[in-house]
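To start, the structure itself, in structure tokens.
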């Protein structure tokens, strides 16, 4: 019975690993251990831990590790706090494998704690290419990981070029697509209660509406307020009702939040609804229905490809991420954003492209974790 | 005037960067900033910071970051402490470039603090291949670094294969060889006062003697006591007087230290002299004179190649490090070790092989740091 | 030239020590060192550090130490972060005396760092009695402090009863009253631009208005939302325009903030203006003009006595604080609060009572710090 | 069923609470929770946690928190590390009461974590008067504690004078005396295997021998090496065989250890046996038998009074601790120490004085913890 410990540090994290957690929990040769941490335990980001518990998982530890400030420096300090506490938690839980997700800054705490403690590390969604510091984090985690679960074939090839042994690299697809597939096959519409949360205007989701999800770009720290303002102005110019999400906890988040607050205070916001978080399935259903998803969220590209969501991707955050037909890329420029959105509205829904998986990534991960072997002493292949 | 901040975390660290520090300090377009940290500030490891000050450098910060325990878990926690404090220090010093050394566990704290804070990171001695967790750390640091200063051509090629832009990779040689070159050209013998430090026996350094320098292997945690005992038994069997070094601060250090203490307590140690630390130049002079350097120190391979020191390298710690004619590799086995040592004694001094540099690495590093450009947003090249 | 290091951790902290900082800076035998920390460096609490710099002080260090969560546990963790970093800062600054303020939770980090490092500790505003964990913190700091600067005679007597040597206890008055005195003698009205900050309604400050300032009570964690709702309902019932302040960063802050946000979202808030922070002098001028200050802020009692502000003090937070005629105490009950507010409106302004000082506390503190002696080894007097 | 959580941070800590832990474990209305931390989990201090497990207790958490350096600054930092992690542990264990011991620096981490988290805090051995920073720590802990278990009547009176409610102060005696009583009534001699541990000479324990136990004095940081040298010289002058203990982990420990190492290296140490730790019962039996206990350990005074051990107490560390006839106080002066030791040798064993308890303190503590009530909101009584 292998104990697999997952550290969930944010809502995005959770969506990216939930189907794997479920499959691990269901697998007779695996035992799931769960550490909730970072923004996943904070009220300010919608208490993801409560959602996790409602989904039937039991956290073995709850770790407050974010140092306030949302500057680049506090992002490093927060990782330090996590790195100080995770060893104590891992020593208690004695996992056989630690499974870490993606490329958020907290992931380095999980990665270093496991690697330094000689606990085999499995990593999902490695090998992709994006902007921000995530780019470095992701490849660095690959260099610590003993098992790799890339989401697409290009990512797999890249991991192998990074000097990892091909036998340790398992193309499984993206676990987030598992949730998308599931949601899209459900009969329930589930959008009836959207407006019971959030603040701002209300509108009819059967009529055309936009979505906005824009996060800080670490290496463009200080630009966030200006960047979100361009997007908000474009949206205001289009004039369609809009579902807007608050930014994640990366450095620079406060800049974007300030831009959004100023917009709310100084402009007519009756046509916009602001959400700290949306349930994953609500978000997916909105993606299937929106006439255009605007911003720099990876969901536009990954889930968007599977769903066929028209998307306008702004700025550098998703540079070099493999994308399908559904995405138009633009700069942080009100005019360009507005034009692209209009183009997408004119086009309408795209056909589905299963670039990031077929809806069974989680099961594959669990199956491999239950049976695979690994070599603790890593060595580059060249 | 670019401010270049170096974080020195151990005696080995210091030897690896000293000539670059000197060249940076001497360069008119560069300003050296210095953070001393980890074992470099501890009495237990010989207060390297005092040596640094005597050498004419002025620490801008002194950082106690090692959490006691010397378990794999405390190695992670120590990195966490460093990662919590370095942002405060970097915010004060506002370096233009952070220069980090090699692959010790504390290096990750420096690396993450700089990278998360959008400070360009330069890295020496990347691209090499060794055993232990250092292997993962080194390549992970490469994935965060903006400038690379590999020590040998194979390492340079490997960094480029890791997806770094060739323009950012500068083959400069190993700065430690700069010190070796300097020491070997000095007229002074400098070995007169060796026995004023250390504990144990005294002997004539003009007669044949062995050296022992053996460190813990992170991924073989718990084996340290057994491993050092094999080496000590072999040395006792040879019967030559021996200069022995205490292990570094990696996880497992206490195991090796215990093995050494037990040897001292239960065996005749009149023929062995134990040192916490030796001045770099003393160590180099001893390497030129010893009939064989035994253990798993990288010095046997790197400096050894340049000096021509007969060496017996034990176990996996230096696996895949490019080596010259002067090294014989053996397992942790008393008989094998003793045989190899005898073979080296019979062979005598080797010819010099400048695999790891020509003695001018530090100057090259300073010159490049003063003029180079970089791209803050890294992106893998494939 | 004695170096006196002040650690400022919040806006309240700063108001409580500003006049002493100014007097220290002006004193020829003293050098001011300044560490800004905790909520004083956070955007979320109005970047007090910027205000400090505008006031002519230069921070020697900036310390992000608040761990997000605002639970009792993160209050402890935040203190831990501060306690980890302050030693590094103190080792660099080498203060002769550390001056700490009051009883906020971060104060323990300053206190322990100084005390453990054998740096003499001076403490303002000790010896008072209040509710919440501050009560324990304040007396514990007294037991670590070498010099005491109580604000009122009862506090001085209490410090001596706690076993401190009378020679080390100096009744100086409260430095916050220094600022009040100064503000009240200024000719400028200074209220013209109040509504350029904050969110919510605008109104005429020459007409009667209320003020609300209510903070979490640590030992009543979880009650904050209910408590603030009682107050907000009472204010809504009175119907006068109101200046409302967001709560401080203590555990439970998020509960109160949530209550305030809900009020804003679900009720007519056109009559209320919400502020993250107000400049100290603006706040004082508003206190002189408001028909009633409602909540549980100590300002109602301390500054209020000097100014003569009619005040309604709610709940346990200010229990046992020496108070003047200007305060009516009530429970967290909408009806009781509303009745008391009406009574204060009917009474109008009170006469000034200088219970907490005469406006020269800061100068006294500087004078004593410049000349006093102390005994590093403390010993209880009985 | 009340959950009582004990945090054990050192060997001395454990001896001071062991009988209470046993009584709590045995009490049907109490459940013992155990956190082992600080030097109690370190090899360097004899792995007290192993002893604890052998005694039948099960640690619920193991916390590495000591930052290397043993300077005053790292003592503060270590407390910071503890304070960062204990909240996570307490949130998991959900204790009803936290029981903390005495006055060591780590105690502040336990104290603040519990107090800030609104967990009732019980404190043993408060109200006493000693030297070093312990003096401040002890009284500060008293100001945070909700229940007090002083060891002697003077301490009880002092706690009440500190403003604690008499109902919360329970005179129970010192739990360490419980162990002494137990050991002295055992038939086994237990000294047969003393020399299977430690390093140095061996001798006949039936012949007269001395004991040496000397710790650093925090406020005399930097003096440790000189101080221990005076003691070692005196002992060498007496010429009797000696049992010597290594110092505890307080700031300055390394100075004393260095002095001891130098003595071992440069002087004839065949007459001295050095121990990292001794089992409590061995230590007690040695105390009953030694002709004189030399140093500054509190055991000379507390256990010594009960046992009747002739003792020479050196320096300021035990100043103002209530003491019996068995103690002679001297300065750090070789001559004075030697004279006092000779005087004690001439006198021989003293009569027992039960100043610090009758051997039933632990049972009393458990009984009170099972039934007592407390007020979470503390308030000074005057």
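Quick notes
Labels for the chains are A, B, C and D, by order of writing; each one numbers its residues from 1.
The rule we apply is simple: contacts are C-beta pairs under 8 Å (C-beta built on N, C-alpha and C of every residue); 3 or more make two chains touch, one makes a residue touch a chain.
Treat the numbers as computed from the prediction; the structure is a model and nothing was measured.
Relative orientation of subunit B with respect to subunit C corresponds to a rotation of 180°, obtained by superposing CA atoms and rounded to a multiple of 5.
Ranked by separation of Cα centres from subunit C, the top chain is B. Chain pairs A-C and A-B differ in how many C-beta pairs they share in contact, with the greater number at A-B. In terms of their C-alpha centroids, the spacing between subunit B and subunit C amounts to 51 Å.
Between the CA-based centres of subunit A and subunit B the separation comes to 39 Å, rounded to the whole angstrom.
Residue numbers of subunit A whose C-beta contacts span two or more other chains: 64, 67, 73-74, 77, 81, 84-85, 87-88, 91.
Of all the residues in subunit A, the ones that touch subunit D in their complex are 61-64, 81, 84-85, 87-89, 91-92. Residue ranges on subunit D touching subunit B, taken from their complex, read 41-44, 64-71, 73-74, 77, 81, 199, 254, 258, 265. Of all the residues in subunit D, the ones that touch subunit C in their complex are 67, 72-77, 79-88, 90-91, 105, 108-109, 112-113, 115-118, 129, 131-133, 135-136, 139-144, 158, 161-163, 218-219, 221, 251, 316, 319-320, 376-380, 382.
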